[in-house]
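You will see two complexes here that share chain A, one where it goes with chain B and one where it goes with chain C.
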Partner chain A sequence: MQKETSRSPDLDKISPYQSFAILFSTMLGVGVLSFQREIAKEVGPDGIWTILVGGVLILAEVWLLTRVMEKYPHKNLAQFGEVFFKNRPRPWLGKLVFLPFALLVALFFFAASAVVTRTFGEVLISTVLFRTPLEVLMLGLLGVGAAVAGNRPQVIARFNEFVFPILLLPLPLYLVSFLQEGNLDNLFPLFHLNWVKLLKGVAASTFAYAGFSVIVVYMGYYQQPKKAVKPHLWAIGSVTFLYWIQMVVAVGVFGRAELVQLLWPTLDLLKVAAVPGMILERLESGFLAIWMVAVFTTIINLFGALVDMVVTFFGMREQHRKWVALGLLPVLYYVSYWPANLNTLFWWNKWIGRSEPLMGLVLILTFLLFAMTKRGKKGGKQDVPSA
Partner chain B sequence: MSLPLKRLLNLCVITGCLVLMGGCWDAREIEERTSVAAMALDKTGEGYEVTVQIPNPLKIVGSGGSGGGGGEGGQAAVQLLSGKGETFSDALDEIQFQSNQDLYLGGSRLILISEKLAKYGLHDILDGLRRRPEIRRRQWPIVVKGKAQNALQANPKLEQIPMEYILNMLETGIRDGRFVREGLNDLYVNLANPARQPALNLIEVQKEQITWIGTAIFNKERMVGSLNRKESGPLLRIRKGRSGETMDVSCGKAPGKVTFRPKELEKKIRIREAEGRIKIRVDIDVRGSIVEKTCDLDLSDEKALNQVKRTIKKMSDQRADLLVEKAQKELKTDIFNFGDKIRAYHPDLWGRIDWKKEFPRADIDVHFNAIIRRTGILAQ
Partner chain C sequence: MKMKRKRAAGRGRRKKEILEKNGREKTEKKTLDIKVQPELETNTEFIGKLLGDSTDVVTRHFTIQYAPDRKAAVIYLDGMSDSKAIDLYVLKPLMLDAEKIRTKTDLWHMVDQSLVQVGETKVTEKMRDMVDSLLSGDALLFVDGYAEGMVINARGWKQRGIDTPRSENTVRGSREGFTETLRVNTALIRRRLKDPDLRLKDLKVGERTKTNVAILFIEGVADEKLVKEMQNRIEKIKLDGVLESGYIEEMIQDNTWSPFPTLQNTERPDSAVAHLLEGKVVVVVDGTPHVLVAPAIFAQFYFSPEDYFERYLIATFLRVLRLLAFFIALSLPALYIAFIGFHPEMIPSDLAIAMAAGRSTVPFPSIVEALVMETSVEILREASIRLPGPIGPTIGIVGALVIGEAAVSAGLVSPLMVIVVGLTTISSYGNPSYNAAISVRMLRFPLMIAASILGLYGIMLFLMLLLLHLIKLESFGVPYLAPFSPLRLSDVKDSLIRIPWPWMKKRPVIFRPEDEKREEVEGKVVAEGNQ
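Our next item is the complex of A and B:
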């Protein structure tokens, strides 16, 4: 720890590429294994364009959020209360006013990490590790998660940067399975829905995009917060593109009727693909290892954001960060063990996905509101020098 | 914490992870499991009988098990285990109780289904298969006339593991366009999609001889009939756009035959509704070559060639009409998957009609157009 603080402060920040990696790999989580089913259930083949609509909506929201946040560089959500109430008689009041928002976001990070952990535990148990107890799998996931999440956000960012390329490995295989088993008839009929269905389809796709709100924490550590829009948009764009390919492949190979029956359609896609020469015969385990990385980054980024919020909000010392992570571990474990079965779990997944865009909207509006009142009173002095 | 102590702690954590996380509770070495190569499913009274063929790695050439000498082949290189039960899992359990290691179905590449079971319905047994994550979607389900178990007991001499004979036969036929290409994934998809119907390959086993005899036609999960070799040709061409087997056509006035081998097909399906009926028109361009001729017709003559083309077209149309009639009258099943075209490209129409009722009275018109590209390496 001593060594690192002696570095130049600018290098010890999150670079634009790292911010891209963080956003990309947080969003790419357990959703990638099953989002096609939820969408196909609502809108069938039309999912191949409603997923794009969902992506564009999230893109717009992230753009807004980034633009609002970049006005307060080097501050994260937990410090916003103080920023807004900086020149007022009672700065601690800001903290109090902002407490509900901070709590809301923290609760979201908490619930999301718990649900992601449990979902991937279920994936492992139902597909490859039948005999391993769920407790062991979840403790393993959370334990490693806590070990990384107990580090400063800059370290977490480097971790994301490092593992990002691995997440793109399964892409060629989706295309192979589409070429081998895809049927164009399955992709039709298109544009056969009304507004209610369209809305439902878009709502179903939000689950796949869940996790984008971690930027409210990590943006506080960006090297160039003013240039954050570009990597953020790139990240959402790439995730949307990846999901679009997966959606087209899943619908094309299985068709709506079969897709809605599959628990983890992406895994079944791999069972369909065959590469000549029997070199890559049974790929599920290998690709599960890749998704394990994807899920780890999601858990770590959410968990890390939660830890950072606690640490910043209470103004704790840097050395205490890992104890916060370790302290949260048993609580997270307990909560992720909560859902009785897969149905409850999917219900949670669904509502976490739906609540996030709403939460983002609430945050954007609040920031704007506070920024406006502040500007009115203090004459537009919004660029606070960094701490 | 002092530095050496911290290092020691880190070491302990890493070693602990390595020891504990090598496959967790599920670590199984490859020799610790009984790997099934093919399954045969039969219907017995109340339940099912499952037979599995397990290759013996020690008996296979190249494994070096028999001291560098050649391995053994046929039934000597495999073990058959079978179990009965009221459900698929039940029967599998009975096999497990006879097996030395954990039964592993992930390597299975053939699922042989007896005709009796197919006629009874596949639904229950497929559920048992579908819930198991290790079962691959890339394997071939085929229907066996008689008992499915017999197909695993057959002893063909050309392959070391008997099931490989059936597997290779199937894959060759599919590659050549002679058999329907319906894997387990296609079967699942065709069962799930209300507008499609499954069709599986049908084989017959007599002692040493394994023969492909046609296509088993399903109405959803129940087999409703079968098509013989001659009928399977048009089915492949209309349903999948595959070439199908060769055709013998008459030379016209002269006695003798001309044999035409279709190679490439281009198919166009047009669907419309007229006078309360669905009208389907299929146009298929068949490109192929003449592979044999037993009459004195000069094929270098454009006129004669056109004559042959017309005969091929006429015969193809006739056979297709017969097949359509069989599908509509006898099988009452949309074996060509026209329904899926309606669902995909005429969704409004699909929403209005009950295809199951409409198919037998639909007006289906199949037109072939033969294009002869080559006449072998003889000029005439």
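Our next item is the complex of A and C:
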């Protein structure tokens, strides 16, 4: 029996800190467990700085995207078509024109959450739960994920906000393993790259940064869309910094030759770390339990964004949100079960990472184009009062 | 077709019944909504009949001195009213000291103005008011020839004195606890809060029990909307009986399905006043020492009133301990199951060998072992509450020590399991409020089952679901996980930590107080007084 109460107004919007948490925990996903290998394969120790280059590129893109999006406050991607075509005689036309873009983004969210789910399932059965069927793990993750994703974005935002500090817990362990086993010689030689290799290295790092595009949905619910730039940049900056530390530690501890052989370098880093007087040994299960939170937030943010796009695009009622999530659950499960083996899965991971910056660019350009035409129309339309 | 007609007929009959019932109720109400008659006998007979000539109704007919033609009667309920006070201050003046009547003024006027020597009286002609007052313990006075009656406050029943609060023990702080009488309780609050802005709103809940309920708040501090919301929710209650504040809690809480309480109850007046000062609303219910506090957030159930009496470092330390106790009580058995069944590599090898030796004779999987032990501890705890006073602890020791020890040596349970169960039980008592502790104790069981299915991973999945529930939960419009989600940095000062009082200059904003500053209250009152 839910009672009707006067809610505090800030509960109905996403605060700047919450937007920071959303962006941070979406990007921090399964990529963390293996991105070092992909980068080391391409550029070796130089990954230490190519990861920073990748971060800066993403930073620039998110900055642009935020600036374009903030022009249309309290609207998400699925509603943009209506905004651009507001004064036209046929509002559904706007929806139709914008449908390809909405579909593109929705498809991305869909594929990304499926791949993330599958990857984490693979991590679990290859390291901790050897005898548990993959189906059970993925269904558990997706089921609980659907329960969260079937809520208003504000609830998802508060979820992210609450669990954010947990994501920082493993950080000291990296440093411990670097201090104990790290070898500075492994970090050199640096700057042995040509341009092609550099590009490859940056492209490899995009996989780790995947997920930033969820802001096109969540920005529609921001309390202060005009002030979104700062938390966004902070989020990307912190993620970049965290990855940089992990990259340095992984390269320093294992060296290139060993790193490219490891399936999940980050987990192996934790096996190396041994703090005397620790109550528990072999922390990777515990770490994975904490890491599950990071993966889980990635899934719910992508999944939630997908659900919200469906709900807003079709103008559904709030009560139907959970049914949309439940309805998407089997499809998502089926798709995430699709890749036949780890190799195909990694291939998908790679392509999702690479396609996202491109998708972001397409969105930015389209928004700019529409905004420009609109401004032109506005100038010429002064004498016609809007209906 | 036939069926339809039949059903229609049935519906018609039911309608008739309902109509009849309503009609009966209406006639009853009508009979009560009459006026007091000038004839004394009519009035006393009416009341006698209304109460079905119950034996505790005392009707005393007498004649007023110096007015022999004027018959009068006092009616009260034996045991509910103070019969000595009625003898001394009502009957005696009217029967013996009524000299003033000889002056030529109106008799009824004289009775009202100078003969009945009781502070609180009320003259009314409405029979309903009179009956309600009679049932609340007042005495009624009728005089023949006057179509009015007097309600005399002579309430005086046997009541328990002020005692130490049983459910909230503290080392430091007031020893006074609320009692079962509403007025005593509101007075206990008023005595600690001499603020002219303290408001009391009286309501009656329960069609038959007509329980008195008072809503207390500080005007200008508590959110007006919150007070209105509380009043609305209480007024909407449709129950025939309200015997404890728990009835009201369940009728007005935000979420019926949640294992977590969204209203706090306290037995301590000092604690109630502290809540009032934070801008919350306190609901005092007649007949119970437990008053309700709303809104309530999750963290608040882990605060003890002592946290504010002891120095801030002690308070902060204790709060961190309680958080730890919360996690142990919730998850230790589940972690044990997960470690044994799924992640034995995480246990240090020496301990793992010892544990394997301890478990070698145990014939059950760890989930069964844990479920059996935890359930028996819960039974033990429940039993020790019901046992008569002095036996309780003895049985507790016999149960825990003797049976536990025997179970281990019989090879039914591993020694570590006993330690786990013991720690869990002790930790669940680390929670200062009983009802929140029970919810944690309940949630332990599904968590254990989740751990037995998927290990640590299952625990995390369940915790995520629990977190989702907590995030969605609200208490009177205040998010349950505030001030952490949504984050209010200014309110973290009194959450897991408590900062020293000199720095606590503002009330917590999550409760949306109308006056945020704590220190300027006095200045404001003086200024208003001067105007």
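The rule is short, and it goes like this: the second predicted complex is superposed on the first by the 367 of 387 C-alpha atoms of A that agree within 3 Å, B and C clash if a C-alpha of one lies under 4 Å from a C-alpha of the other, contacts with A are read in each partner's own complex, and residues count from 1 in each chain.
Operating definition for what follows: a residue touches a chain if its C-beta (ideal position, glycine included) is under 8 Å from a C-beta of that chain, and two chains touch if they have at least 3 such contacts.
These figures come from a predicted structure and were not determined experimentally.
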Partner chain in contact with A:185 - chain B first, chain C second, else both or neither: first
Which superposed partner A:141 touches (first chain B, second chain C, both, neither): second
Touched partner set for A:272, first chain B, second chain C, both or neither: first
Which superposed partner A:317 touches (first chain B, second chain C, both, neither): neither
Partner chain(s) touched by A:126 [first = chain B, second = chain C, both, neither]: first
Chain B versus chain C as contact partner of A:296, first or second or both or neither: second
Which superposed partner A:288 touches (first chain B, second chain C, both, neither): second
Intersection of chain A interface sets (partners chain B, chain C): 128-129, 132, 136-137, 140, 282
Touching residues on chain C, where the partner in the complex is chain A: 225, 229, 233, 252, 254-256, 342-343, 345-349, 454-461, 464-465, 467-468, 471-472, 474, 476-479, 481, 484-487, 512
Residues of chain A that touch chain C when the two form their complex: 1-3, 5-8, 10-11, 15, 17-18, 124, 128-129, 132, 136-137, 140-141, 144, 147-148, 151, 155, 158-159, 161-163, 279-283, 285-286, 288-289, 292-293, 296
Chain A residues within the chain B interface of the complex: 126-133, 136-137, 140, 181, 183, 185-189, 192, 253-258, 261, 267-268, 271-274, 282, 284
In the complex with chain A, residue positions of chain B that touch it: 21, 23-26, 106, 133, 136-138, 185-186, 188-189, 192-194, 340-341, 343-345, 347
